[in-house]
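Below are structures written as structure tokens.
Shared chain: subunit A. Partners: subunit B in the first complex, subunit C in the second.
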Partner chain A sequence: MGRKLLLEHINVPGINTFDVYRSKGGYASVEKAIKTMSPDAIVEEVKKSGLRGRGGAGFPTGMKWSFLAKPEGVARYLVCNADESEPGTFKDRYLMTYIPHLLIEGMIVSSFALGANTSFIYVRGEMMPQIRILEKAIAEAKAKGFLGKNILGSGYDLELYVQPGGGAYICGEETALLESLEGKRGNPRIKPPFPAIAGLYGCPTVVNNVESIAAVVPIVNEGGDEYAKLGIGRSTGTKLISAGGNLKKPGVYEIDLGLPVEEFIYSDEYCGGIANGKRLKAVVAGGSSVPILPANLILKTVNNEPRLMSYESLSDGGFVSGTMLGSGGFIAYDEDACIVRNTWNFARFYHHESCGQCSPCREGTGWMEKVLHRLEYGHGRQSDMDLLVDISKKIEGNTICPLGDAAAWPVASAIRHFRDEFEWHVTNASEATTRNYGLAHYADPLPKLETA
Partner chain B sequence: MLRVEDAQVPVDFSPELISKFDDIVSRYPKGKQKSGLLPILHLVQAEFGWVSVPAMDKVAAYLEILPIEVYEVASFYTMYFLRPQGKYVLEVCRTSGCCLVGAEKIMDHIEQKLGVPEGEVTADGLFSWRGVECLAACGFGPVLQIGPEYTFYENLTNDSVDKLITDLTAKAKN
Partner chain C sequence: MKVTIDGIPVEVEPGTTILNAARQIGGDIVPPAMCYYSKLEGSGGKCRTCLVKVSKGSEKDPRPMPKLVASCRTTVMDGMEVQNITSPEVIEARKGVVEMLLINHPLDCPVCDQAGECHLQDLGFEHGAAKTRYEFDRRTFEKIDIGDKIQLHMTRCILCYRCVFTADQITNTRLHGILNRGDHSEISTYISKAIDNDFSGNIIDVCPVGALTDKTFRFKNRVWFTKPVDAHRDCDKCCGKTTLWYKGEDVIRVTGRKDVYGEVEEFICNTCRFDKKKTADWVIEGPRKISHKSVISSNHYEFTPLPVVKTNPVLMEANKEQFERDTRL
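Entry: the complex of A and B
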């Protein structure tokens, strides 16, 4: 069993309250950081830890922090990205619901390290219950002297606010989030300048995911080197994986990076296998935006070695036979799941969520959705698969933000790995056989898999 | 459908509501009060059930910004209702994780139970429903939420949806 750094106390009754959280060692990192460490020393520990951004991009957090400009007399901001809305991903909601003080603690330490005196947690608007939970936790922390003026008598001031979004996936992109926080439409900004130079209100700003900020707590408590001992290679530490789809035990799991994918899916400690005794057909390993993989490729790398839950192992083989760890949104599809319908579902999502700023994304996502819809509903053409791949190539890399890539990859990878199923739909699907996520209309397409 | 008379209904912001606006705006640096627009629109919707043009105009006046700046934001984000809705809006997640475990069938059931298509309001004004994109609860699907508190219901079945609708109907009548 791996170490639990974030979820160790998740089942302690009352852990959502300040007193219980404190009794379990909570806020020790604030005391240690503010009383014994310089801001630069904290940044150094985060660098040593090897922590990579847990929102999906996987960029080294310590390096991101070190880019922050520090001009005299200009405010700096830390903004927590809690706009969790990547299909398949629900770890941040879980963390904020059950152990909100962990995020608050991480925000205080991180803000101190970055020299921010005002910080925001931007929470997707649909998470109103979590917003209320966080606001209550902030009020508790402030009443105990961990927020507000002169924290723990150190002279350091920090105000922490929760900002609700308005329901737009694109606001998970950091510059769109900042636009939204400024009260505007969530249209991503052209980079550079990066937020570290000109972010919120044009001031130097760091935007980090909920899980990344929470991970700063054990890093400060135990040291970056200790954190880096966990995990494998450049995938250090632990990672929250949100597992959903056709699994026996869906939920949020904290794993040591490097855990074999097969163990994660089939062992009783984690997902317990595929629901209803079915076979595994495919997996989306890191949220909907990463390439989907058929069962044989998610369990083994190109070199026929066990695939591991790590940034490097999951991406082994590039997009031909690999995928990405992404946000850790793990969706398992059983043998009955319809890949065409699922791909259409994803395409609809990205079309719906495109901000419309860039033509390739605005037009291309809608075009892909229409083509996939006609394939699913029995009006497809044999040329549609090549058309979809062509459209996806014209979107990928041609937009301001990564939403275009996120829309293109699931479609291209589904066709790459499940082309037979798409072709079958051209001749066999009809209005009468759809409106059912099951694959009753599609004859056995699967290679017989021998899995644990 | 949005009726002209709905759009014209004047709104009155109570002192309590204005006080909440003031609290929100105090969080931001001087001159950056526009940052309060999204949270303020949430408060307006919670108070009136939707965001009408007169309400948006009043918000613009309060924040000292142009009305168009409010319209463009309210129409960009999916959470703001630009026309009247049922007292309870059932928002069902219709994205992959939930669909794999039956969200589409739940939406069919809701449509049949309420007798109105997606986006329309029941004759008694109590309910409307719609499919929404990923609600970030993929392990507990199918899920739905109901504003303005955005109460969350997980692992839905036809029976649990029936009970929910019955309970809300009773609540509205009491």
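Entry: the complex of A and C
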């Protein structure tokens, strides 16, 4: 059984309140950091821990922190990215709902390490309950002297704010998030300059995911070396996985990185296998934006070794036979799942969420959605698969931000691994149109999505 | 800093973008730009037509960049090597961008006032395919009058944001911007307000396609049948340096003077643009030099006989009639 660092006390009644959280050792990292450590020492510990960004990109957090420019007389900011909206990913919401003080504690320690006196938690606008929970937790922490002026008598000041977002997926991209936080339309900025040089209000800024910031707490408490002992290779520590789809026990699990995928799916400790005794057909391992893999490739690598839940193992084989750990949004599909409908559904999402700034993403996502729609509804052609692959290639890598890639990869990988199913939709058009996936209220053709 | 673009080296100042370094060399190796406009701060990076391949990052770090980069927003490093027209990957990506841009831009060049001056038309000609693979409905919009002099035809808009930057940066108030997102995005005014200030007409000049047009000129003539003449006047609001577009004796349009990349040299005020349409209002400087590659040069003005003709008295005599006709024009 893996060690729980973030969710150890998740089932303790009242853990969302300051007193219960404190009684379980909460805020110890703040005391340790502020009283006994220098900001640079904390950054060193995070570097030693090998913690990689848990939002999806997997960039080493300590290294990101060390890039932060520190010009004299200029404010620095820490922004927590809680705009979780990747389809299939719901771990941050879980953490914020049930153990909000862990995030607050991580924010205080991280802000101290980065020399930020004002920090923000940017929460997706729809998550009003979580926003209220966080605001209450902040008020409690402030009342107890862990936030505000002169924290624990150290002379360090920190104001922490919760900012509801605009409710757009693109606002989870770090530069679009900063634009949105500044009160503008959430369009990604063109990089460089990176936020570490010119971020919020043009000042040096670090943007970290909720889980990354929460993970700083055990790293400071126990030391970076101890944290690095967990996990495998360059994938150190534990990871929250939000498991969904046709699983017996969907939910949020904390795993040691390096856990075999097979064990994660089939062991009773985790997902308990596929629901209703069906067979596994495919898995999206890291949220909807990563390539989909068929059962044989998600359980074993091309070298016939067990596939592990780690950054390296999941990406083994590149995009031909591998995928990505991403944000940990693990979606399993059973043998009855329609990959074409699923791919169309993802394409529909990315079309709707494209900000519209750059041409390939703005026009290409809509084009892919329309071709997939016609395939799903029995009007497809054999040439559509090649067309989709070609459109995805024209989008991939040519856009301002990774949303273009996120839209292109699921489509290209679905066709790569399940081309026969797409072809079946063309050759058996009438059958494809009459199947009911529990979405009978959708008429054919679907009404075009109106602008949000 | 030394940068090499398509094998041609050039020395540039630190902070210069790849696109501007290429412009210092000039010629075919200059990447096209639909959204970048050197006079507008923060513009560029959106249309993705200027993508180039950086095959060597710099002398210090010679690793190539993993993805194609937008040349208009990427600054050069010392020793950088860039491929534009020499990279098949770049040409392929650019073709893809043209295809995407043409999804929601109608090919109505025969009735579009921008025909002959349209950057997308040139780009489509150079990189486009004869046939589109897109078969679905295009987005369409009603035409909007933004003020009494400017018409917005959103159907043709490629969302380059140039006009938004112009309104932000050279006019007093920001009255228009982007509504909605994705391919539902549209340029619009705040609840159909008019854009009403002294420099609003410049949004017509910066538009690379025919989405924003001059209502005082619309449908009056094809641009290649007009005679562009440089002129100036004393103006208390702007530089007063313009190009007058003649149809016979009449000035039918006034615009800012545009350089070889289609960017105005200086922005002009609405008084010069819309209200001064008589020759008497202006001091004429002479015919505007138009690139021989432009369709606008198709009928006129400067006729430079080939060197062999110039030096050969027999050919000079044989072409006498032609020379006289060109001089008259």
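What we mean here is this: the second predicted complex is superposed on the first by the 431 of 452 C-alpha atoms of A that agree within 3 Å, B and C clash if a C-alpha of one lies under 4 Å from a C-alpha of the other, contacts with A are read in each partner's own complex, and residues count from 1 in each chain.
Everything that follows uses one rule, which is that contacts are C-beta pairs under 8 Å (C-beta built on N, C-alpha and C of every residue); 3 or more make two chains touch, one makes a residue touch a chain.
Since the model is a prediction, treat every value here as computed from it, not as a measurement.
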When subunit B and subunit C are modelled together on subunit A, clash or fit: fit
Partner chain in contact with A:Val320 - subunit B first, subunit C second, else both or neither: neither
First, second, both or neither for A:Pro129, with subunit B first and subunit C second: first
First, second, both or neither for A:Thr399, with subunit B first and subunit C second: second
Touching partner for A:Ala168 - first (subunit B), second (subunit C), both, neither: both
First, second, both or neither for A:Leu181, with subunit B first and subunit C second: first
Larger contact residue set on subunit A - subunit B or subunit C: B
Contacts of A:Thr365 with subunit B and subunit C, given as first, second, both or neither: second
Which superposed partner A:Asn342 touches (first subunit B, second subunit C, both, neither): first
Partner chain in contact with A:His352 - subunit B first, subunit C second, else both or neither: both
Minimum distance between Cα atoms of subunit B and subunit C in the superposition (Å): 5
Subunit B and subunit C contact sites that coincide on subunit A, given as residue numbers: 168, 185, 352-353, 355
Subunit A-touching residues of subunit C, taken from the complex the two chains share: 44-49, 51, 67-68, 70, 73, 75, 93, 96-97, 99-101, 103-104, 133-134, 136, 158-159, 161, 177-178, 180-185
For the subunit A and subunit B complex, residues of the former touching the latter: 75, 84-90, 92-93, 118, 124-129, 159, 161, 163-169, 180-186, 201, 242-246, 250-252, 284, 288, 329, 331, 333, 337, 341-342, 345-346, 349, 352-353, 355, 435-437
Complex contacts: residues of subunit B adjacent to subunit A: 27, 29, 32, 34-39, 41-42, 63, 65, 69, 72-73, 76-80, 94-97, 99-102, 104, 108, 132-141, 145, 147-152
Footprint of subunit C on subunit A - complex, ascending: 168, 170, 185, 190, 192, 351-360, 362-367, 370, 387, 393-395, 397-400, 451-452
